[in-house]
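Structure below; questions to follow.
Chain naming follows the written order as A, B and C, and within any one chain the residues start at number 1.
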Amino acid sequence: MVFAVFAPLIFAIIIPFISRFKRKIHTGWLILPVPLLIFIYFLQFVGRDFSTIMQSTNWIPSLDISLDFYLDGLSLLFALLISGIGTLVVLYSIYYLNKEEQLGHFYTYLYIFMSSMLGVVLSDNVFVLYTFWEFTSLSSFLLIGYWHYREKSRYGALKSMLITVFGGFSLLGGIILLTIVTGTTSIQEMVSKSDLIINSEYFLFILVFLLLGAFTKSAQFPFHIWLPDAMEAPTPVSAYLHSATMVKAGIYLMARFSPIFSEVPLFFVLLSIFGLVTLTWASYMAVRQTDLKGILAFSTISQLGMIMAMLGFGTTYGVFAAVFHILNHATFKGSLFMIAGIVDHETGSRDIRKLGGLMTFMPISATLAVFGTFSMAGVPLPFLNGFYSKEKFFESSLHLEGSGTFVEGLITAAPIIAVVGSIFTFVYSMYLFFGTFRGEYQESELPKKPHEAPIMMLVPPAILVLGVILIGLFPNFFNHVLISHSADAVYGDSVTKKIKFWHGWDSRAFQMSLVVISLGVLLYLTKSKWDSIYSFLPGPLSFNRVYDWIVEKVESVSNRITTFYMTGSLRLYMVLILTTIIIITASTLVFTGGMNFDVNDLAPITTAEIIIATIMALGAIGTTIAKNRIAAILILGVVGYGLSILFVMYSAPDLALTQLIVETVTVVLFLLCFYHLPNLESGTKSFTKTGTNLLISTGYGLLMMLIGISAYNSRFAETISTYFMENTYKLGGGHNAVNVILVDFRGIDTLFEIAVLFGAALGIYTMIKLRQDKGAK
Amino acid sequence: MEIIMIVLAAILFATGVYNLLQKQLLRIIIGTALISHGAHLFILTMGKLKRGAPPVEAHGVSDYADPLPQALILTSIVISFGVTSFLLVLAYRAYKLNNTDNMEKLRGSE
Amino acid sequence: MNNLAILPIILPLLASVIVAFIPGKLNMVRKISQTLSILFLIIVGYITWEVFSNGVIVLQGGGWKAPYGISFVADYLSIILVLTTYVIAAAAVFYAPHSLSNQQEKFYFYTFFFLLISGVSGAFLTGDLFNLFVFFEVLLMASYGLIILGNGKVQLRESLKYVLINLFSSMLFVTTVAFVYSIVGTVNMAHIAERVEAVPAEQQGIITAIGVLLFFVFAVKAAIFPLYYWLPNSYVVPNPVVSALFGALLTKVGIYSIFRIYTLIFVHDTSFTHDQLFIWLAMFTMLFGVIGALSTNNVKLIITYNIIPAIGFILMGIGLYSEDGLTGSIYYLMHDMVVKAALFFLVGALVVAAGTKDLSKMSGVIQRFPLLGWLFFLGTLVLTGIPPFSGFIGKLLLLRGALSEGYFLLTLVALVSSLLILLSMIRIFIRGFWGEKMEGMTSDNRKVHALTIPAIFLLSVSIFLGVGAELVLPYIETISGYLLDRTEYISSVLKG
C-alpha cells in the first residue's frame, strides 16, 4: 500500500527526464500503467468481506508522525476512484494534449496529485493526511496554471490556491487541537476517544476549523467561487481533480470524522445547511452559464452540496445515499467533462450559445452525453445510476429526526429545498445536452468544422458511461461489494440498504421525482422567458466580488500602511523607536514597583565636580542650539574634556588619558570632515516637531535617570572587583589592575576591540579608495 | 555625588537624543558622541565613585576604585572611536555623493 | 579540548586578516576563502558532534575562572546556530564571485565576510554580557564594511541610517550593562542568572525594567515590531550575497540574544515579559512584516520584509516558554536562517535573469530559466511551512504550544500571516515566473546557473531539516529541556 501511494510520486520525479528523452512517444503512454496497476491492486480488496488493513512506517516519531496507511471501505472506494478515473484521464489526455505541449510538466503535476490524493484517503495519521492535503492543493494550483501565459489561468490558479490553502491552514489548526485534546495523531484512536473531543473546551474551535477546511476544499457555499475559475485547467484535469476526486476530499474528511461527531447535532445541522444552500444556489447558477465547463463546474458544486447535505442528515439513509452518490457522481460527471473536452477539441468552442446541432457530426459523443446528462438529471430509467441516488437523496430528506424549533424547521424544509435544487439540476442537464447536440447548427460561429473525435479519445468516457449503466442495472451488486462497506465505515455501524428501482406509485420519493421532472421540463421549455432574473439576482450575492475586493485591498491597504511609516526618514524611525522604548520601559518600571529612591551610600559632593558637571551640562545643551559648526564641534570637545577631568577625579587615570587622546583625535576628525559641509542651520522650524523632539529627548533622559538611580540603590550583590585587586599582581603580573584586566582577565575583549578598529580602518579606506577609482575612470 | 553624575549623564543622553532627532548630519553625529559620553559616565557611576585610590596596586593602600568598569569603559571608548571615525567618513562621502547633509532629503524610495 | 569552544571565533578572524593582506590576487583570495569555509564547516561540524555527545564545552578565556574572565560556552543552542551560520557561510562564499563585481570583491569583501562570521559566532558563543557587546560591534563593523561595498549614492544613504540606529542601540546596550553591573556586580551571564535568582521576589521590579531595556536593545537588532524600520531599506540596497548574510545572520543574532537572556536570566516574571509583552509583540511583528511584504513590487524587498514575520514566529516561541514553544522556536530559527539565505540567493539570480527588480515589469522568466523558477517555488513552500519541508516542523510545534496554552488569537494571527506570506511569495512566482516571456532577459545563462547552485545546496539542507526531522528533532528537544532547566548552563560555567 505504501508503494501504491508513492509510486505516482516516484514517477512524477522521473517524468521530466523520460519526457525529455522520449520525444517520439507521447509521454502519457509510458506512464499509463502506473494508475492502472494501482487500480488493479486495490481491486483485489473489493468484494472480500475484508477487515480493515493498517500498515505503518515510522517517519517522525518524536512528533508522533508516522506513515500509517489505513484501508477500510471508505478509503477503498476513494482509492478505486482515484486510480480508476486516473487511468482513464491519462488515456484521455494522450489525445487531448499535443506532443508539443509541455507534457513533462503536465504529467508530473498530475502524478504528484495522484500520490497526494491517495495519501489523503489512506492516511490514518492526521499530520500525514494534512501533508498530502496541502499537496493536492499545490498540484491543483500548478495544473490550473498549466497554461500560465493566459491571464485567466493565473487568476484561477491563485484563487484556488488561496482559498484551499486557507482551508488547509484552518484544518491544521483543527487537527493540532484534536491531537492536544486526545493525545493521539491517529484518526481511528480519535474516533474511539470522541467523548474527550466533544466534552473539551476547544470543541467549538475544532468544529469550525475542520468545517472550514472541508468546505473550502469541497467548494461549499460561499467558498465555491474558486471552482468555476479552476476550469481554466486542461479538461482532463477538470474531469479528474475538479469533479471526481480532489473536490471530494472535503467530503471524505467529513465522512471520516463524522463518527467522532455522531453525538453532536450541531455538526450535522451545519453540514446539512451548507450542503443544501450549496446545492440550490449552485444549481440555480449553473443554468445561467454559457460555457460548457462553466455549467459542469456549477453542477459539480451543487452535487457536492448534495453529498454534503446527505452526510449531514446523518441517518443511515443519508450516509448510504452520500456514499452511493460519490461513486455515481464520479462516473457521470467524469464522462460529461470528457465529452465537453471533446466538443471543445473538435469544434474549437465551448460556448453553448455557439454550439448546437452537433448530433449529426458527433453521434457517439452525443450518445454518451445522453447517458451522462440524463443520469445527472435523475430521469427515472433503470439503467441510469443517477436516478437511484437521487431517489435515495429524496428518501433520506424525508427520514430526518431531531428536536428543537430550528432543527424541526430544517426537517420540514429539507425535502422542499431538495426538490427545488433538483429542478434546476434537471433544467441545466437538459440545457447542456440539447443546447449542444440538438438545435440549430451554426457553422459561422465555430472556428473548426466539427467531426467525431478519434475513437481512443471516446474510450474513457465510454467506459465511464458503461459504469453508469452497469451501476444502474445491477445496483445491488455494487452495493454488496463496495458501497455498503463504505457506508459502514462512515456510519460506524452496519448500514444495509437495498437499492430498488421501483418503489411503487405511492412512494413519496418517486412522487418528488415526478414533480422535479414535470416542473423541470416546464422550466426548461420556458427558459428564455425567465432568464432575465439572472441579471439582478446573483449581483449583490456574488462572492467573487468579495474575493477580488479582498485580494485587491490586501495589496493596496498594505501599501498604504507601509508607506505611511516607512518614509525613509531617520527622524521618524528614531521617534517611533524611542517612544516605544520610553513608554514600555517606563510603565514596566512603574507597574513592577522597580523604582527605588532610597538614596544611600553616596560619595561626598565637592565644588570642583559641581563646576565641571555644570560646564558639561551647559556644553551639552549648547550643542543643540549652536549655529556655527566649528563652535558646535568645539563645545562637544569641551564636554569630552570635562569627562576626562571627571575620570581623573574618580581615580581612573587610564581612562582620563585615553579619553583625552580620543577626544582630541575625534575633534580633529570632525573638523576635517565637516569643514566642507554647509554651516549649521538653526534646528527645525516646525513647532510640533521641536515639541516632539523635546518631549522625547527629555523623556529618554528622565527614563535613564530613573533607572540609573533605582539601579544604583538596588545592589543585590557585591561586585566581583575585589578579586581583580587581589590577584592583579599575584596572578596577572601587573600592578595596574585596569591594564591587567584589559590584556589578561578580559584579553579577548581587547582582541576583538582591535578587530573592530581593523574593520573600521578598512571600511574608511574602502570608502576613500573606491571613490578615487571611480574618479579615475 | 553619584546622583549628580546620573543627572549629568541623563542630560547628556537627552541632549544627545535631541541632536539625533535633527535633520543635519553634523548635529546627528554630535548627538551620538554625546550619547556615548553619557553611557561611559554611567558605567563609571554604577561602579561607585571615589571609593579609594586608582586601581594600581601600591603599598599601604587597601581601598581601590573598582577596576572592572574602568576596563569596560576603555574598551567601549576605543570601539566608539572606531565607529565614530567610520561614521564621519561615511557622512562626508554620503554628503558628497548625494549633495546634501539634510537627512530629511536622504529619505530615498528604495 | 575546551579550546574547541573558541575556534569558530578565532579561525575566521585569522582568515579575515590573511585575506586582507592579499587583496590584489583575487583568484587566490577566492580559492583560499572557499577552501577555508569548507574546512571551517567541517571543524564546526566536529565541534557540534563533540558537544552533543560529550556535553557542553566551556572555555574560560585566558584560563581565568568564571566569573572573572570571559567564558565561552558552546552549549547545544549556541553550537547548533554556529553550525547553521557556517553552512550559510559556505554557500555564500561560492555565491559571491558570481554576484559581486571584481572590484567589490577586491575591496575586502572576504575580509569583512570572515569578520562577520567571527562576530556572529562570537555573539552565539560568549557567556559574558559585555563581551557580547564587543562581538556585536565586530559584526556590525563587518556589516558596515559590507553594506558600503556598492559605494553608490543609495548604499551610502542607507548605510548612514543603518549605522546611526545601530550606534544608538549599541550605546543603550553599554548603558544597560552598566545597570546590570550596578545591581548584581557581575557581567558573566551565568553569574548574573545565579545572582538574579537570589533576589527576593518583591524587589525584582528593577530587574524586570532593566530586562525590558535589554530586550529592546536586541529587539532593534532582531527587527521586532515596532523597532524594525531600519531593516527593509538597508537590507535591500546591498548586493544579494550581502543581503543574504544579513537576512540570515544579523537579525538572528538579535533574536538569539533575546533567547539567551530570556531563558537564562530574566525568567522571574514570565507572566509579564513572556506571556504579555512577547506574545503581543510577536503578533504585531508577524502582521506588520507580512503587510510590508505585500506592499511592494520590488522582489528583493518582498524577501527582505519576510524576514520580519519569521522573527515574530521565533519570538512567539520564546513567549510561550514551554517545551513545545522553545523547540519550535529553535527549529524555526534554524530553518529560517537557511531558507532566507537561499531565497536571497534565488532572488539575486532572478534579478540578474530578468534584468529588473520590479515585479510589474517581469513575466515568463520560468520559460528561460525553469530550474530557477522551480527552486523559487520550492523555496516558497519551504518558507510558508508546507509539510514535509523544514518550515512545517517549527510551525507545527509553535502552533501546538500556542493552542495547548489557549492562545487562540495568537494562533489565528500566525495562520493568517502564514497565508499572507504565501500570497506575497506566490505573487513573485505567478507574476514574475509565469506569463508571457518577457523582453530583456539576460543571455548569460551560465551566470544565472552559477548563482542557483548555492541555493540548491541550502534548499537541500531545508528539505533535510523537514523530511529528516527525526534525525534533528530529538537534539532540539534536548535543547529546549536544557534551556527550561537553567542549572546545567549555570553550573557548567561557574563550576566547570
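Heads up, the rule we're going with is that a contact is a pair of C-beta atoms (placed from the backbone, for glycine too) under 8 Å apart; a residue touches a chain by one contact, two chains touch by 3 or more.
Just so we're clear, the structure is a prediction, and the values are computed from it rather than from any experiment.
*Asks:* Quick check: more C-beta contact pairs in B-C or A-B?
*Replies:* If we tally the C-beta pairs in contact for B-C and A-B, the bigger total goes to A-B.
*Asks:* Find the chain most remote from chain A, comparing centres computed as mean CA coordinates.
*Replies:* B
*Asks:* Can you give the whole-Å distance between the Cα centres of chain B and chain C?
*Replies:* About 28 Å separates the centre of chain B from that of chain C.
*Asks:* Can you give the whole-Å distance between the Cα centres of chain A and chain B?
*Replies:* 50
*Asks:* Using the touch definition from the top, which residues of chain C touch two or more other chains?
*Replies:* Where chain C meets two or more other chains at a single residue, that happens at 130, 134, 137, 141, 144, 148, 151, 160-161, 164, 168, 172, 175, 179, 181-182, 233.
*Asks:* Among the residues of chain A, which are close enough to touch at least two other chains?
*Replies:* In chain A, 568, 570, 574, 704, 708, 711-712, 719-721, 724, 745-746, 749, 753, 756, 759-760, 763, 767, 771 touch at least two other chains.
*Asks:* Check each residue of chain B and list the ones that touch at least two other chains.
*Replies:* 20, 25, 28, 38, 40, 42, 45-47, 68, 72, 75, 79, 82-83, 86, 90-91, 93, 103, 106, 108
*Asks:* Name, in rising order, each residue of chain A that touches chain B in their complex.
*Replies:* Going through chain A, the ones touching chain B are 567-571, 574-575, 578, 599, 601-606, 609-610, 613, 616-617, 620-621, 623-624, 629, 632-633, 636, 639-640, 643, 646-647, 649-655, 658-659, 662, 665-666, 669-670, 672-674, 676-678, 680-681, 683-684, 692-694, 696-698, 700-702, 704-705, 708-709, 711-712, 719-721, 724-725, 728-729, 735-738, 741-742, 745-746, 749-750, 753, 756-757, 759-761, 763-764, 767-768, 771.
*Asks:* In the complex of these two chains, what residues of chain C are touching chain B?
*Replies:* 130, 133-134, 137, 140-141, 144, 148, 151-154, 156-161, 163-164, 167-168, 170-172, 174-175, 177-179, 181-182, 187, 233, 236-237, 298, 301
*Asks:* Would you pull the chain C residues touching chain A in the complex into a rising list?
*Replies:* Residues in contact with chain A: 6, 13, 16-17, 20, 61-62, 64, 67-70, 103, 107-108, 111-112, 115, 118-119, 122, 130-131, 134-135, 137-138, 141-142, 144-145, 148-149, 151, 160-161, 164-165, 168, 172, 175, 179, 181-186, 191, 195-196, 198-199, 202-210, 212-213, 216, 220, 226-227, 229-230, 232-233, 269, 272, 277, 288, 291-296, 364, 366, 381, 386-388, 392-393, 396-397, 399-400, 403-404, 408, 411, 415, 418-420, 422-423, 426, 430-431, 434-436, 469-470, 473-474, 477.
*Asks:* Under the definition above, what is the set of chain B residues touching chain A in their complex?
*Replies:* Touch residues, chain B against chain A: 1-30, 33-34, 37-38, 40-42, 44-58, 64-68, 70-75, 77-79, 81-86, 88-93, 95, 101, 103-104, 106-109.
*Asks:* In the complex, go through chain A and note every residue touching chain C.
*Replies:* Where chain A meets chain C, its residues are 58-63, 127, 130-131, 134-135, 138, 145, 148-149, 154, 157-158, 161-162, 165-166, 169-170, 172-173, 176-177, 179-180, 202, 205, 554-555, 557-563, 565-566, 568, 570, 572-574, 576-577, 580-581, 584-585, 588-589, 592-596, 704, 707-708, 710-712, 714-721, 723-724, 727, 744-749, 752-753, 755-756, 758-760, 762-763, 766-767, 769-771, 773-774.
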